[in-house]
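Chain lettering (A, B and C) follows the sequence in which the chains are written, and residue indices restart at 1 in each chain.
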Amino acid sequence: MTVRTPVSGALAPLLESVRTGSPLVHAITNSVVTGFTANVLLAIGAAPAMVDIPGEAGPFARIASGLLINLGTPHDEQRTAMREAARAASAAGTPWVLDPVAIGALPIRTALAAELLELRPTVIRGNASEIIALAGQGAGGRGVDATDSPESALDAALGLARTAGSVVAVSGPTDVITDGERIVRASNGHALLTKVTGGGCALGAVMAGFAAQGDDRLETTVAAVTAYNVAAEIAAQQSYGPGTFAVNFLDALAALTPDELDARAALA
Amino acid sequence: MTVRTPVSGALAPLLESVRTGSPLVHAITNSVVTGFTANVLLAIGAAPAMVDIPGEAGPFARIASGLLINLGTPHDEQRTAMREAARAASAAGTPWVLDPVAIGALPIRTALAAELLELRPTVIRGNASEIIALAGQGAGGRGVDATDSPESALDAALGLARTAGSVVAVSGPTDVITDGERIVRASNGHALLTKVTGGGCALGAVMAGFAAQGDDRLETTVAAVTAYNVAAEIAAQQSYGPGTFAVNFLDALAALTPDELDARAALA
Amino acid sequence: MTVRTPVSGALAPLLESVRTGSPLVHAITNSVVTGFTANVLLAIGAAPAMVDIPGEAGPFARIASGLLINLGTPHDEQRTAMREAARAASAAGTPWVLDPVAIGALPIRTALAAELLELRPTVIRGNASEIIALAGQGAGGRGVDATDSPESALDAALGLARTAGSVVAVSGPTDVITDGERIVRASNGHALLTKVTGGGCALGAVMAGFAAQGDDRLETTVAAVTAYNVAAEIAAQQSYGPGTFAVNFLDALAALTPDELDARAALA
């Protein structure tokens, strides 16, 4: 009983708006992908800031345009900073993205993800295993790998979207994105993105940047996913492997035009 | 009542000296830019070491050739390590650079920067907003962006240089560098450097490396800024965007000759 | 009185096995090289996971295929996580690699390395200064640089291998690898690898991945070293400096075939 609504016409203006508005994206993310995430944000036109200590994360989340909380390496100070930032973002109306990396398999982040979920993230991004684990329906994967397909996580995603009031984006060869009512399947992308660390994590930060530029967060999330994945397709055409791909991907994100985005979007 | 002295003839020998001396640069820096900073140091010919825990940072600052303290993500242990290292460097005569990232806007690092300032850094590097905030004349920017121009920070830079006994380098399209008496304006560089995370932060580490190779720290700072920015100009000529630029920049730093540096330096 | 045994015929099948088995490599490593290490693991065909907090590191080491513990920036939480992971790996039979970065010179990691050594690492990887320091025969280097040659560390390596029951790999222009009885000298590689941060550290993670795919850990270590260094040789042929080299190196790791590995291996 879900409504399937393709998002049309919204992509190009949103990319344009990120470019001109340069949203300040506050990212509290894992130590493996900080540099790549910041470079992705700069390439797409956003302004990154990684403020992840208690006492600063809260105040900063209040003035940021968008916030990412990624649970990849949740050190003690970061966990406190994450709680502080999520609360401040919720109170201030700053859109925020939760990326529950590897929950299910690992106890501390699993408990933290459940706690943060109560603060009702604007967007939740994960692979199928993580979304199923967050929805309380599974035991999680073995780490950052998706061992389930996005379609197998559809019920979990819909349930999670409805109870948390979030847009839920499940990554995979075809991404499934839902707000609990509408469902969009986004098929752009390239397998090389899974061979670059942060290929998924940095997308969470881009979602936070796009969420700052529009009120319909299903639309902003679809736009973020599609801009990111179209750039990956373009980059892959000139790459010899994961090294050149990561470099070309940043160039392609920076060069992507709103028209190209609309022309190449593969949504259903 | 300031003396304007172009630095001439000093650049090429200082780059030569970094290449042959391979100064050991102790960098306590933020988690976003550690890898890029280490690669920049290796490319220019220095030897990087990121020793940022209490109990090790002090002893290491004593044997290092130069030290960078960058406040980008000042975790609790790092703050203790920074105090320890700055004190040890001051006591041992190790030149050290303070980069007060995003102070003014964020409370914990602002207090820490004020504390470190009393230890009289050899060099202070920041954008105009940060320098104004450190000099106590402004409220700071919104993060790592400069919202003021270097020229607008000139009085703050001169005051800071005189009270702290430091060389102060204000970054921007034209950098302003002063020791409180002499003022040098350095106009090399390329806008793509602002699209690579660590583009500013890594320069602080390079300044620490050059400071180890000469006694006139206005000269060593100008040489570091100019070598770095000339390499950026060369790299930009063959780049398609921020991804290829970051890669070519490392190649250009490694390939830069003392003669090219002198030939391309744009100083006033 | 050591037996010199070239490892022949084992390399190609081990690379093949890493590609098809995609071992899950648990890396607790320093903040400078996390991203590069993860990208190297992905390129070679392994699955990286950086789980470095107490309460998660132990459980994860039990399910991982292999574990790396690298002492480059041993923050307080990481030290606890390292102890937990090493104990769990030893108990579960998960092969694990110890990389005692910069011990000798720095007190906290030196004590920690001695403590971890009692848990009998499967493989110990370091430069000559580090191996000599770990064996208790020297005062250590000035940081990550090797100031001694691998051959000068041969006695230390043999002693360490015998007392700890480990394979010991000493890095240098020619690597020396021993299990206390057999000695292999591996001469592939390229000097540009020393100009990329993580050039040595990431190899430790690759050793953990290969160790998961075979029982003879002298063989798996030699295979890891050789695959890594052959990829470096191939990458260097098309590189203009350390920037392009790091990118091409990832491509070369991903493209390396078992046949090429056997054909180019330089072992004695």
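The working rule: a contact is a pair of C-beta atoms (placed from the backbone, for glycine too) under 8 Å apart; a residue touches a chain by one contact, two chains touch by 3 or more.
On a predicted model such as this, the values are computed, not experimentally measured, just so you know.
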| item | value |
| --- | --- |
| Category of the chain touch graph - line, ring, star, complete, other | complete |
| Residue-number overlap at the chain A/chain B interface, same or different (half cut) | different |
| Fitted rotation between chain A and its twin chain C in degrees, CA, nearest 5 | 120 |
| Geometric centre distance via CA averages, chain B-chain A, whole Å | 33 |
| Sequence positions of chain B contacting 2 or more other chains | 31, 34-35, 75, 246-247 |
| Of chain A, residues touching chain B in the complex | 24, 31, 34-35, 38-39, 42-43, 47-53, 55-56, 59-60, 63, 75, 77, 246-255 |
| Residues of chain B defined as touching chain A within the complex | 30-36, 72-76, 102, 105-109, 142-145, 194-198, 240-244, 246-247 |
